[in-house]
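Please see the structure below; I have some questions.
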Amino acid sequence: MEDDFEAGTVKKFMFVNRKPPYGTVYALEVLEMVLISAAFDQDVHIAFLDDGIYQIKKGQDTKDLGMKNFSPTYRALEGYDIEKLFVERECLEERGLSEDDLLVPVEVISRAEMGKLMAEMDVVLTA
Amino acid sequence: MEDDFEAGTVKKFMFVNRKPPYGTVYALEVLEMVLISAAFDQDVHIAFLDDGIYQIKKGQDTKDLGMKNFSPTYRALEGYDIEKLFVERECLEERGLSEDDLLVPVEVISRAEMGKLMAEMDVVLTA
Amino acid sequence: MKFGILVNEGPYNHQASDSAYRFAKAAIDKGHEIFRVFFYYDGVLNATAHSEPPSDDRNVIKNWQKLAADHKVDLVVCVAAGLRRGIVEASLAPGFRISGLGQLIEAGIQADRMITFGD
Amino acid sequence: MKFGILVNEGPYNHQASDSAYRFAKAAIDKGHEIFRVFFYYDGVLNATAHSEPPSDDRNVIKNWQKLAADHKVDLVVCVAAGLRRGIVEASLAPGFRISGLGQLIEAGIQADRMITFGD
Amino acid sequence: MSTLHTVNKSPFERSNLQACLGHAQNGDSVLLIEDAVFAAIAGNTFAPKLADAAQDIKLFVLGPDLKARGMDPAKVVDGVNIIDYEGFVDLAAASSTIHSWL
Amino acid sequence: MSTLHTVNKSPFERSNLQACLGHAQNGDSVLLIEDAVFAAIAGNTFAPKLADAAQDIKLFVLGPDLKARGMDPAKVVDGVNIIDYEGFVDLAAASSTIHSWL
């Protein structure tokens, strides 16, 4: 398996988030995947679109549900040098949200720009 | 547990099918539930709406997928005295289907009628 | 009042099992009875004996087990759905029992209200 | 060409695992290599040792095991996702191995194409 | 007696809230839980449909699910009542049938 | 190089096919598998959107999934090509990236 491995391979990875947190576990387990990817020195992109933008909504408080509030972890991504976070503008607007509602710095781009960005990726992982 | 049991209790049960077959197992396992219910002498209704109407589409052939084609079982329901099958007209039309496409006799009713019928039920089971 | 509860999804992947547990707990706290909780479809996976979630998260299986122990709640796993998914006597957590789908229909008949939690 | 495959859902409840299996088989039949199949989220449930589906249906777990045996396909189950859902060494079907999420990222790097099957 | 309908998915991703509203009868109750709570926040594109429905149907949203998702209770659509799990149980007990739209 | 997009859910129940079509680039391929194959049958209310998309995007549907569901290959929307798993593999190999819309 190792024969084709090039130590310096850097691919453009994108983790696409379209699902909201807590109703399903995907948001949490994608985040665990993103954290691991940091160890591989790849060019990591995270896209938040459709209901995925709710993952980074400010003010999450899961105390009454007894579930783990993992939203602070998005703030820790910067410490792992994962800084390419993209949010689709149309999806924010459809939900009555704005950039001020988000708990991490992101680049807000249009649907057309998101489509172009996705087209540049080597590996797209979705859940 | 038996103290409240009345041997003659007959409730109106409805099994609501909104999901298509094969992509998920719900259609198959709802059908297993329906078959078991026949042994309890209840007033059983089966509703097919939204993508659930695809469950009773004629001509299913799962050979190439290696999955079990359970659609013939809907034809066997009559033998269990389960004959109250309802299909929502608007859902058929939205999908370009007609009553001729269905593999069992059903009563095709409007959305308004389906809403009224649902309101008469004692127990509604969904998947 | 007697409630019957149907759980359609497994632990962690969907909130359904958590929601069902919180509903059951609130009902008991208000003096109602839980006639039975029936686990069907992927819901049977709530009865796995091997789940070890991270210590900073809730333990869905233990929540159900404690509810059963404290309030004698009948936790029933569908035998057929369990066989498909690997939930059999050998992998069953204490507090759950395996039985047939008839137990679900019976719950529908005997409970005053039947409620489903799913995906 | 080397394919990496990610399976997000468990057996039977969703078609994802079946679709992934048929894709993998077709790729091998056409002379491609499957670098790795990684099972994540509920996908880890494909590795249960206890599944006994009805005899008139396909056996999803055995399909994967046979593919692994016949073509030396690397079937990897995520350790963390498995712990949540009760897939641990004691409940693991032969032919699968448990490892970390890094194995998925490595597959993304080393495979020529990465494809995901889910819900 | 009336029916309690529960819906647990976002109307932006799935059709089940729409399907529920298309079948609920006058006087029925609809409770938004889990990922359906997003529908209840004013300013989203589905909110007008919910406001319409509120004229004939009693609408509720589960507070703990709102809170977990960082949704501001002050921004809930007019006519939608916020309840907790105890309120959920009361609603279920007060309705003759419970229909979960999955 | 182009992307292969796969979609596996019905457009009547979920928004992922719509989301996929909103992001696919000219020259990309979109393959409908599992429960997404229903979108490809002429006469359904989603079909016009698919016909529109076919002008810029190459559209495919997985034959074994169509057949399992009793969908008539003769009724597939114009411009949508029916392929089998081998064709699926070829498409994946011919595209630089595969994006599964879940």
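Every chain is named by a letter (A, B, C, D, E and F) in the order it is written, and numbering of its residues begins at 1.
Basically, a contact is a pair of C-beta atoms (placed from the backbone, for glycine too) under 8 Å apart; a residue touches a chain by one contact, two chains touch by 3 or more.
Fair warning: this is a prediction, and the values are worked out from it, not measured in the lab.
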### Task
Please identify each chain that touches chain D as well as chain E.
A, B, C, F
#### Entry: Same or different residue numbers at the chain C/chain D copy interface, by half rule
same
### Query
Looking at C-alpha means, what's the farthest chain from chain B?
A
### Task
Return the chain pair with more inter-chain C-beta contacts, choosing between A-C and A-E.
A-E
### Message
Measuring between Cα centroids, what's the chain most distant from chain D?
### Response
E
#### Entry: Approximate Å spacing (C-alpha centroids) for the pair chain B, chain C
24
### Query
Taking each chain's centre as its mean C-alpha position, how far apart are chain C and chain F in Å?
38
### Query
When the centre of a chain is set as the mean of its C-alpha atoms, what distance in Å lies between chain B and chain D?
33
### Residue numbers of chain D (touch at least two other chains)
8, 12-13, 15, 22, 41, 54, 80, 84, 114, 116, 118-119
#### Entry: chain B, residues touching no fewer than two other chains
18, 22-25, 50, 65, 67, 123-124, 126-127
## Note on the structure
Residues of chain F that touch at least two other chains are 8, 12-13, 15-16, 34-35, 64, 84, 97-98, 100, 102
### Task
Could you list each pair of chains that touch one another?
A-C, A-D, A-E, A-F, B-C, B-D, B-E, B-F, C-D, C-E, D-F, E-F
## Note on the structure
Touching chain B in the complex, chain C uses residues 2, 6, 8, 35, 40-41, 74, 80-81, 84, 100-102, 104-106, 108-110, 114, 116, 118
### Query
What residues of chain E sit close enough to touch chain F in their complex?
12-16
### Query
In their shared complex, at which residues does chain E touch chain C?
6, 8, 33-35, 64, 84-86, 88-90, 92-93, 95, 97-98, 100, 102
### Complex interface listing, chain C residues touching chain D
10-13, 41-42, 45, 48-54, 61, 80, 83-88, 90-91
### Interfacial residue positions of chain B with respect to chain D in the complex
22-25, 65-68
